[in-house]
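Should a chain be cited, it is by its letter among A, B and C, assigned in written order, with residues numbered from 1 in that chain.
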């Protein structure tokens, strides 16, 4: 055995220990990353799943014309100003006849959501013959009641309900006068001060309009810019300058684009605040670098032989690009665009700058109506002091993530399906 | 006419021009013996007509719409009597919104001074005139352009070249949007910043230790010097970014190394996309996680061992930001590590080095410039990250290096200064732009430097 | 063969269209001339340094080496020649288990360094590679100083206790590689700054700094100019006094100049092995003759 072998052998144990340690660090790092991912998702699902359902309370409601102050249920004005809270109060008082005193009565009335009145109005509008009748109805519970019913024994001790309210709710629960239903308002309303009436439809529509504006602007501009840079741009300082700009813009913090939007688009051009149109323009400027970079990659992947073949037949440079390069590069460009859109959909900070944080109850009908977007809605709810909004925010996050996952999957599928092997 | 309808009309007219151009080229070709005697295909003649019809009109339309509001606004304000003329920016805004509200009918005329009501009327009529004029101008331009193009159609016309040149110019203009964006960013933050520095000296802003913008709100107190010292914000930003990098760099780097050098194919195909999911999660979700889960957890943990942890501790925001940056670091590191040629690995392994020795002593040093570039990019991202800190970090400026205390950052202050009620011209609002300028310059320098390093590094192995 | 070739390209970094052409030509050749049942000539020697029997290599399901058996004698230079893609590099990389770095590669057969089974699961690759060093096709100095390049092996293996010892090893190795006089004044400048030929000699110095018993060279001159090639060939002859050398080359002249014995590979099979003179003057097999007379390859 040679000297070398002997010396090497002496070091082996130490070196293999180091090897094992190093490898363990690697595995540990990946584990940390994956654990963070799992934690994040379980936390959000754990917090948010309960927001997809809500509790209702069963009450016999008498549509008393006198209490309601409605004589003709077909008159829209009378319907709108009807005292629905009054009939609910009466029904509650009937259900709990022992409750007396101002404070207790008010506490009792807080069990039912203020939104229940609108449900009664809608019923009456549908069926005017209900006036004077008594029906046993399921009414939306207040968010504190809802939270109390969803909570376990231990959490119930922290409920915002007072002792008497807890007693009443427990009584209702025990006698089967409460039930769990799918939270429809979540997907059919805009924001609201009352958690049980708040929905994300307004935010989803706002996001939709913003995304449409972004897509319509950023995809054609991005593709055109990529085509110019890849196919037509001369190699000079100006082109280099454009490239440096694109690369740097891709790394500029998103909030800076918000400042740009505030100062130029709103300040200089005088477009209104809080509207999806402005949001879309800002997000366009932000996603443009991503789209340009991925489109350029897609154009680069088209082999030069195709260009040469077409040029050889006497096609002009522009014809080569429009007839051959663009169609062949389109799948790659679309993939890039979808990924850019996904980025834009999750973006919050620049939209805060241009005022899309307003509290907006109405559903936006177009890109020029004041609106908020899904991520901003999440931010607003997460910042709210009421605990029910936390669950709503988590639910909104789940919806947002569902959108993002769909988009990214679409991009992957598209890439797989349309990928061409040269 | 409404802009939407005008656009629709424009489309119709352009389509008409296209059709007429097409027909005319055919008509001209027929006596010559078919379209092969034309210089270009009929399609190009038609496109040329459509372009002549559309482009001048569109340009005028765009410019008009971009500037008519501000011009009308000025006209209206200028017509106000002397005593009602706005003196500063806030009264400017107030007067303007008053006029607009009256004009839109939201505010009854009886509520305001007669000159304002007059101004509102004037605003209405100016707007109507503008809209009418716009319609006329656009339609005339459309027709003139279309007619001109139609007249010029001849068999010798080099229509294809012209159309292609226009298209190419349009492509180029699209590419310059990137430059315009940069210029727009620079100008918008620069102008407001200069105005800000007119009130607060640059040195006070850069080196002042006291940040309390609220004090400058009172009209009688024009930004007293100490109120806009940004050092606590810089320190807070640094603290949170440093925590984030302390988490993200080792974890991201080691993950990348393990995935690139050790992991079996099966592990790689699962772990890599899973880590990339972290990069796709919106920052607002991380902010939610940091503010409502991690921060209370750390606070509870600190209390259980007798430490006093702020509920908006820098540690919570930094940790979560670190998690967010992990995939960013790991994908950049993966790029540079796999760029190290296989020959290097072979050379080292061939001498009998173990895998970790090869990585530590050959691959890592070889990839170091690239990795440094990646870390720099990650740092710039951490500095510019907004939502996590807005939701999980503090609002009050606090000059401390203790990660258990609440600190505030540049981005948090920009958001708090610019959301909610604001006057456009107050020092408070302008301060946000000055902070934006700082943020932009810092990240720009870091990015340029990092991209330069990475590029140099790539070239080395190409 | 496709996967094998792709891997080949990846790991060796040589992809040339000529390779495909060569394979096609071989295919036509193969149809007329059958493979020998057994290797022609005298592949075995007494008391060999390396004894290799029935070596088979697979890339996934593709077999790249078919039952190759040969001996490498002590202090002998053996050259492996053959057309591109014939598996000679693959075979060479089995001898210090560099093929381990390719996941899908499997090696079968009985490969021994003296009495040590190379593919014994208990054998330590690190130790093996310290005994069987390798020089690669493309010069691959680490992006470090010349000194650190040569000192790398001794450092990781703990061969020098003191700085002084290390200096000595570095100087000796550089001298043996014939590079000392050219670089002694700039030992701490980067190794990547040397010329191609100098880089390759640096890699040889780096390999022999560990004092291996066998040095494997995988087409060490293919990336070099003729003058640099001549220097390396000279060096190989000198090194053969103290080391056993196996060299893969695609230059028949080089094989004739530097080696004692020559093995001719064809499509993963060892066709003929003999004294270098015999192979080049009186080839026994038709395929060998066809190759050395330049009818393909």
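Note that in this section a contact is a pair of C-beta atoms (placed from the backbone, for glycine too) under 8 Å apart; a residue touches a chain by one contact, two chains touch by 3 or more.
Since the structure is predicted, the reported quantities are computational estimates derived from the model, not experimental observations.
Visitor: Between what two chains do the most C-beta pairs come into contact?
Guide: A-B
Visitor: Select the chain whose centre, defined as the mean of its C-alpha atoms, is least distant from the mean of all protein C-alpha atoms.
Guide: Answer for the innermost chain: B.
Visitor: Roughly how many whole angstrom separate the Cα centroids of chain A and chain C?
Guide: The computed centroid separation for chain A versus chain C comes out at 61 Å.
Visitor: What's the distance between the Cα centroids of chain B and chain C, rounded to whole Å?
Guide: Centres of chain B and chain C (C-alpha means) sit 57 Å apart.
Visitor: So what's the Cα centroid distance for chain A and chain B, whole Å?
Guide: Centre-to-centre distance between chain A and chain B: 20 Å.
Visitor: Which positions in chain C are in touch with at least two other chains?
Guide: As it turns out, chain C has residues touching two or more other chains at 126-127, 130, 156-157, 210.
Visitor: For chain B, write out the residues touching at least two other chains, lowest number first.
Guide: Expected reply: 352, 354, 357.
Visitor: In chain A, which residues are in touch with two or more of the other chains?
Guide: 8, 15
Visitor: Can you tell me which positions in chain A touch chain C when the two form their complex?
Guide: My answer: residues 2-5, 7-12, 15.
Visitor: Within their complex, state which residues of chain B touch chain C.
Guide: Chain B residues touching chain C: 264-265, 341-354, 357, 361-362, 365-366.
Visitor: Sort out for me which residues of chain B touch chain A in the complex.
Guide: 66-67, 69-70, 73, 160, 164, 167-168, 170-172, 174-179, 181-182, 184-185, 187-189, 191-192, 250-255, 257-259, 262, 271, 274-275, 277-278, 280-289, 291-293, 323, 326-327, 330, 352, 354-357, 359-360, 377, 380-381, 383-387, 390-391, 411, 414-415, 418-419, 424, 432-433, 436, 439-440, 443-444, 447-448, 451
Visitor: Write out the stretch or stretches of chain C touching chain A in their complex.
Guide: Interface residues on chain C, with respect to chain A: 124, 126-127, 130-131, 156-159, 210-213.
Visitor: Residues of chain C touching chain B in their complex?
Guide: Touch list, chain C to chain B: 10-11, 13, 96, 98, 101, 103, 125-130, 133-136, 138, 140-144, 152-153, 156-157, 203, 206-207, 210.
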